[in-house]
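Chain lettering (A, B and C) follows the sequence in which the chains are written, and residue indices restart at 1 in each chain.
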Amino acid sequence: MFLRNQWYVAAWSREIGRSLLARRIADEPVVFYRTEDGRAVAFEDRCPHRLAPLSLGQIVGDRLRCGYHGVAFAPDGACVDAPGNPVPKGARVRTYPLIEKWGWAWIWLGKPELADEALLPDFHWQAEPGWAPIGGTLHFKAHYQLLVDNLLDLSHEAFLHMNTIGNNAVAEAPVHASSEGEHVRVTRLMADCPPPPLFVRARGFATNIDRLQDILFSPPCYVSITVQATPAGTNDVSQALRWQVLNALTPETERTTHYFWGLPRQFLVEDRAVDGMLEEAVVRTFNEDRAMLEAQQQVLEERSLDSRTLLTLADAGPGRARSVISRLLRAEQAA
Amino acid sequence: MFLRNQWYVAAWSREIGRSLLARRIADEPVVFYRTEDGRAVAFEDRCPHRLAPLSLGQIVGDRLRCGYHGVAFAPDGACVDAPGNPVPKGARVRTYPLIEKWGWAWIWLGKPELADEALLPDFHWQAEPGWAPIGGTLHFKAHYQLLVDNLLDLSHEAFLHMNTIGNNAVAEAPVHASSEGEHVRVTRLMADCPPPPLFVRARGFATNIDRLQDILFSPPCYVSITVQATPAGTNDVSQALRWQVLNALTPETERTTHYFWGLPRQFLVEDRAVDGMLEEAVVRTFNEDRAMLEAQQQVLEERSLDSRTLLTLADAGPGRARSVISRLLRAEQAA
Amino acid sequence: MFLRNQWYVAAWSREIGRSLLARRIADEPVVFYRTEDGRAVAFEDRCPHRLAPLSLGQIVGDRLRCGYHGVAFAPDGACVDAPGNPVPKGARVRTYPLIEKWGWAWIWLGKPELADEALLPDFHWQAEPGWAPIGGTLHFKAHYQLLVDNLLDLSHEAFLHMNTIGNNAVAEAPVHASSEGEHVRVTRLMADCPPPPLFVRARGFATNIDRLQDILFSPPCYVSITVQATPAGTNDVSQALRWQVLNALTPETERTTHYFWGLPRQFLVEDRAVDGMLEEAVVRTFNEDRAMLEAQQQVLEERSLDSRTLLTLADAGPGRARSVISRLLRAEQAA
């Protein structure tokens, strides 16, 4: 069960082109392609004739033609050809609102009349002058809320990611969690702490640092983390490590998640070697999460998370986000 | 749920010999072997002692001996030895009526007293002088009725098989569908149309052709297609391509099908190179079907075919066949 | 559904050390490790914080620290650290009574106050002067009761193991089955019979032998088989083949079993070549069982063993053992 009246990241814009892309989003099968004039469209990946996946068909001009019996659809979803038949009146395939912004294609699964671009979460750093963006996609065999939990309690960095972004300071520093409407914010300030390994590699810190994590959750599945580190006591922006960890945790099924991530940074923005080094470190780090969350998912297929008996202070953030999602789900069901 | 009082093709006769063949037919596990005098027998593939598969046992003379504790059965299913015990009275394994005809072994799963050879569908071309038979077996991860649907609406040839037997003429020509008792007939005449690629390869057509498809469905799972093509306007039988596509679509489980096919032809009957060329083309063509039907099967595990919203004129044949099968199923259940 | 108030073999003692061992025992996930002073401990393999498997964590001194958020537990299960938090009062992970004896680690899944070492089955031969032990572990994709059935009706040796321990004598000789409280005994005396192949290889018999199988079942999953063979009519212990087949058939899930086996022998006890030859023969023999029992398990996922229609005299032993297990299960459920 997923929220429907929400934008979900469906793909990197560069993934959608003149060949068909099939992807399941929040348990809905969708096929994507681009028209001759470059517009991205999203259809339900089922031919209304015999339910064959349209993604096994062909793009012909602006149309998508089913590969089974050749039924064809215009970009607006209207059936425009059923070979051997008059054009069927009113036949159509379901289409979905689709927006491209900040390098991503965002799909709206719910009522089309509610699809409002103003509801997109703010991920502008991916297309901001002065910021160097990197990014990628991972696939987790775990429910997306486990990924949200993970990102809202970064104390795990001290145990799971000690070779990249973690050290004891992250687990020891207290967090402050708060809610702003449907948003949840968790902040952690680590003053005068040793820099974790990746920070040293990326920015060459030779002394302790002052480190900030400012985490913003936006429903249904977005976590944007502002990260800043400066030599301890200096507040020297010219030496700062500053990046934004952008996470779009699109549910695929109840057990799997498309993990779209970006990491735009505000230092050494011209340095492609830093791009490569960071990308490798991020993928390594997220794969450490993946192993843990996939194991946790296996447990949760036998047992509810409600059966846990130990809560920590750092659970405040994940707990607030789960409450927001539950509240919104109840509201959608009531409507 | 499958029809029981029906003949199903279980195997090619040549597959049954002096080693054990295990095969699931319409969700029943069956083991086949041949006695010393050459008679093919079919047992339920379960030892009545501890339910171990008899197909893990040994043929000893005319008997089948279970490989676990050595219980042995005569070809009529009677238990004739239980090592360490007196011969158990009345103990037996279930046997099935089995007929060999036209190269195939046909099994009857229902009430043995109803098994009547006269109920076999007519596939005599496979053993007819003047016809050159080829044939084979494929395995589809799809319900057998999807295969029946596929063969009763050949308009798909224009989109799925354009490299062998399809071109636009097949999709554009109208079909005529009719019922004769439990049989469904679909005919399509394509006058003065371009020959599809395989027809050119097989018969060297250099001009347009007159092409006929005459499709006969017989329950539960048989489709026999009479195919004829002659140079357009000539009706010249000496230049004709004429073959019979024989399809026995034996359900294995609710999700899988044994596809026994034959393609006897009435031209170049001595030419073994044509055999090989045709076999390759048929397997290629049916594998194109397979990819589509297995994808359709995946969809139908989530969603009923009843939810489709577009019907075409060519759906008349599949629709009639589905009605026949439903009617027969209801009759069997009522009895 | 498994008996809980029982000892189960969880591992060979040598498998438990200073790295974490995860194993499912009777459907409970357990993690094992050894403290600095060498004591073996068993925890439920779930962190009470977020249910992540503790087996993905680290051993730190005597403690086990969760690999996700670093929550740590003492060998008695008490939570002794929750990073970033005061030590949580009363938080703990479930621990299990664990005994090491005769080379094996035995776990108690039920009420800890009932865990009594005196309830262990007698497998002392594995650590007995004058006996040469070999042993190993196999994994069967079959319910453990199928393995119990198998060992209590050794007539199958004549059909499944004719290359090692079986010949016709085993199937033909009558068995005597009896019960002693919760124990079931099955004996089979084969006087003046040919030695099976492995007996010849192991002991060089050149004549017929007198052969004894004395099988003892102890709930929930233990079968201890006393095997003795001497040249026929001699009763000459100096030439005897004598070994004890020790079988601990620990359920993993309802469909899988950990098979711990030992084969201490009382002849050629210094001969390491005999160790190797016997180990190879035992593994080959048990893998023959495995193929059969895994096939039987597949059948039983569709059909109950109750549907069998043929009982043999040798079913007496397996039948008695099943009755004992059923009775004990009912008693546990009533309590």
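Here, a residue touches a chain if its C-beta (ideal position, glycine included) is under 8 Å from a C-beta of that chain, and two chains touch if they have at least 3 such contacts.
Given the structure is predicted, the values throughout are model-derived calculations rather than measurements.
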item: Classification of the chain A:chain C interface as same or different, half of numbers criterion; value: different
item: Turning angle required so that chain B lies on chain C, C-alpha fit (0 to 180°, nearest 5); value: 120
item: Rounded Å distance between chain A and chain C, as computed from the means of their C-alpha atoms; value: 48
item: Residue list for chain C, restricted to those that touch at least two other chains; value: none
item: Complex interface listing, chain A residues touching chain B; value: 29, 46-53, 56, 65-71, 79, 82-85, 88, 91
item: In the complex with chain A, residue positions of chain B that touch it; value: 149, 153, 155-156, 158-160, 168, 171-175, 291-292, 295-296, 299-300, 303, 305, 307-314
